[in-house]
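What follows is a pair of complexes built around subunit A, which joins subunit B in one and subunit C in the other.
On to the complex of A and B.
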């Protein structure tokens, strides 16, 4: 613990000092530090790792979104991949068939996913727990089957040649260039998620998670906030989907949205700790890298992922986020006992 | 094109037979739900394992079909008890329902379903295996011919339901199971071995799923990915009938089977698998308690 303290304390102090300048300052610094990552990666390894970084960004967006509805609001949803698919397909269709540029099709994709989020969220007004899980799983799987059997949505061939975005002559046509778009979206996504968590809306979500009846007694419009949580998380999923669809190969297929993607997504959230934003981000990074490094054991992957999910739920129900929280809470108490309040943010 | 009543009748008949199978799986899910307050997301995979057990017993061991059915049920029951003892016990002890532990149980079952599917894939491969059972000439109803395996399925399903009903209502062990389903603490005070009863519930539910798998084997082929869709349809059946209600599960299964077959016949066959979900979502939105269910527990 002392080693960890020695590493973490200067970091937290630096973050504290930066936040004192402006609350966005640490975010900007991290963003600027992460921007040249593709050059480091392609210099040290090769382009494939840049692609991996892109995938991680997309999954971070998805995890952060899922955490809002699942972690903050406590609604069990398993159909998140369906929303991701809706975002991807609608954005791709708008740009393929209407010839709209990315900057038009992206918001449309996000909005369509948001509307779909209302539909997925509607059962949550009347259902809880297992019922809700069933309803969302049914909706998510219906979306995939719809895509798989409808020619317009690119049934078995998938949608090919989705144009890559460009801004003033700068075309995001390689993984390195697309990374700038993704890291920007991801940083904004994480920051917004923190803002939501700290706002009255986020506190209402958490009140619903802790005790629905008590929340409604305290004047929180429970159905409205549940729906809002679903819509926000659907917007995240739609953004991730649209960004995925326009990524340079410009190709989506219904096999990108199967149950295995859902399992990976769930594993990320569970590993990171349900309801912990940084935990979710770390979970997304770890799981994507492990998923990628074990590609040669393709046939054993579901076994590995499923088993680690089961064991995590059994023995480490709060995930990595729980470990982080415990560390900071311990630090805070030690600090309070020593009569000073540094360290913990 | 005038309306063809005999083909409508045929669709309903096939819908009924497949619906009975949905009903059996839904029965298991309902049993677990009413007993433990948890939804078992790996039940589809137990069903798939049951089908493979039946296949192995009837093709490789070479026992007659009814015996293969029985053996598959026993094997899957044991498998279910082992899974429950090893993995779920820690979570069910913490209390199921709608707590955080309930969410853990959903995730855990989900993970377990992936694990079981992968294990089956590693053992039996991804190919669809035909399940040959020679039962003789199909029955003839006018110009509809009904294969005997369908008839056998319906009869077996009715028998299993009757047996389960008899067990739960007429025997002392069944009374204990119902007591545990009603209230575990009071059942414990009455001297009932609650953990054993929970294992029994799990074993029974898994045996039912295996029976469904072995029964459906001769109609369709047996393959690794069959569990997932069946799970969804059985869930739909259980919800339509009312979650936790045993007669409701059967009626729900029949409804889902008929709905799906009619939809495939008159709307679009390629969307066949969506109709069950549509029915599920419709029922969840309009009447979450289902046809026979007690009030769905919705807080606030």
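On to the complex of A and C.
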């Protein structure tokens, strides 16, 4: 080792650590700000809004996952809710029948959903667009039907009394307490999706979405990356499902995993802006609130959501994220253009 | 030894033989032109070499000592063949820089696990790659547009981006399918000058499909002429332009050869 590296190494390592702090600081700040939310909500309104915040967290996790496969990789899937169900049921079963604690059943639920994600993703190697949508719809629905007809999976009564998580004597047995778990998982989930998508992997996903042939000619193993996108999104769905299953009162039913849930999810992604992480998060928040506020018209909800989707696709195809991007991109350009005007033909 | 060599390369679409028993050898360090009338099989040849189409049985393609017949596209790319598309196929919704970063994909050395668990390392790595890509963008004159979505570029800039994205692969063989189509004569000159500089700088071998014969005559070392998927002529530009079969294929039999030669020279 030369003198230079002996001196420089610790320095660059320190810089590396510093930049990690720098990178994580805003996330930690937001996390800390969001932690007391249940007390604000129950103080200002009532407990129902805490429950709503919990639902929002679960839907954010689902949307972030769906956005990876649909928004970034461009694979139309209607099987996401099926993976959510698989995560929920497997984690519930492991803890109900094997008596495993949440910290064991949760990763198992996530992994089982991940494996199922390979199966849901396999058709994407051959099929595209509407055909792929149909294939994944079939897989997702068959999961729900399987749950509905199998006593072990809850059939018509659903699974009851799924234990709530506990850590060092602290039991997450109320909506307020469960919220800590959910907001932690959600923040980690969003952060990780940024890590994945702002890397060569994320760029490969986008390239596949833009042009499959060009992507493969530029060295991207298209089938492998498509499957990877499906698996990652399935891991998110599995995590959301497991978290949902153990949420007080610890009850899941096949009605939680219908095609209507799937339409709602798609609407979140489309409203948020396909392929835009924050847009998807905002979409999840808005749609969950609208969904809950219009519950009394539940009969018309599918119609309302379906129509909104059509209108969005037609008039605002890039959703909220598109609006955000447009704002920033335009600003950057005006700057760049004013700097230099010469260039290529 | 030739860098790229095909033997009895064939491709049929139903009854149509788009490429027929084609033997082509591209020598390292040369610019090899591929010309022929519309529908003569030039793009099909590109698609066969880069694994976009599967060739018919009996075909053989060897690149740099490795047999690549019917190899998947991404593996061909990783071996060092880059190409552009006649219709460009840019990643329109991605920025100019991101288009190049995708081109660089095969050289990225970190895995998705690094991306998940060591974001800092990925950021540092990508920052270095970005530097390299910016150098390349500067070289082709698109540096000012790095952050612009590809869809917002002008026609000429798109053609340059397609070239840049291919070059980001650090290829040994660069295959250009009508890269200057639709450009004004001045811009064709500009474009070709950049291609020549890139060739010089990176020691490339180039295969180029071009309709403007003047360009082919001036830049190519060797020219192969296709008609109905078959090779009907090959040689130096000078040899080819005096070849009666070539002239016939190109312009029909109505004109006499001298007239055609006059056109080819312009």
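Throughout what follows, the second predicted complex is superposed on the first by the 312 of 345 C-alpha atoms of A that agree within 3 Å, B and C clash if a C-alpha of one lies under 4 Å from a C-alpha of the other, contacts with A are read in each partner's own complex, and residues count from 1 in each chain.
Throughout what follows, a contact is a pair of C-beta atoms (placed from the backbone, for glycine too) under 8 Å apart; a residue touches a chain by one contact, two chains touch by 3 or more.
Everything numeric in this text was worked out from a predicted model, so none of it was measured.
Of the two partner chains, neither subunit B nor subunit C is touched by A:97. In the superposed pair of complexes, A:19 makes contact with subunit C only, with no contact to subunit B.
Of the two partner chains placed by superposition, only subunit C is touched by A:221; subunit B is not. When the two structures are aligned on the shared chain, A:309 is found in touch with subunit B, with no touch to subunit C. Within the superposed three-chain model, A:317 lies in touch with subunit B and out of touch with subunit C [touch as defined at top].
Contact with subunit B, but none with subunit C, is seen for A:141 once the two complexes are overlaid on the shared chain.
The contact surfaces that subunit B and subunit C form on subunit A in the two complexes overlap at residues 213, 215-216, 222.
Against subunit A, in their complex, subunit B makes its touches with residues 33, 38-39, 41, 87, 90-91, 97-98, 100, 102-104, 106-108, 110-115, 117-119, 121-122, 228, 232, 235-236, 239, 243, 270-271, 273-274, 277-278, 280-281, 284-285, 288, 296-300.
Remark: subunit C residues 50-52, 72-74, 76-78, 82-83, 85, 89-94, 98, 101-103, 105-106, 108, 110, 112, 115-116, 119-120, 122-124, 126, 140-142, 144-145, 147-149, 154, 156-157, 160, 165, 169, 183-184, 186-187, 190 touch subunit A in the complex.
Interface of subunit A with subunit C (complex): residues 16, 19-20, 23, 192, 195-196, 198-201, 203-204, 206-207, 209-211, 213-222, 228, 275, 329, 332-333, 336-337, 339-340, 343-345. The touching residues of subunit A, counted against subunit B in their complex, run 74, 76, 78, 122-123, 126-131, 133-135, 137-139, 141-142, 145-146, 149, 212-213, 215-216, 222, 259-260, 263, 266-267, 270, 274, 299-303, 305-310, 313-314, 317.
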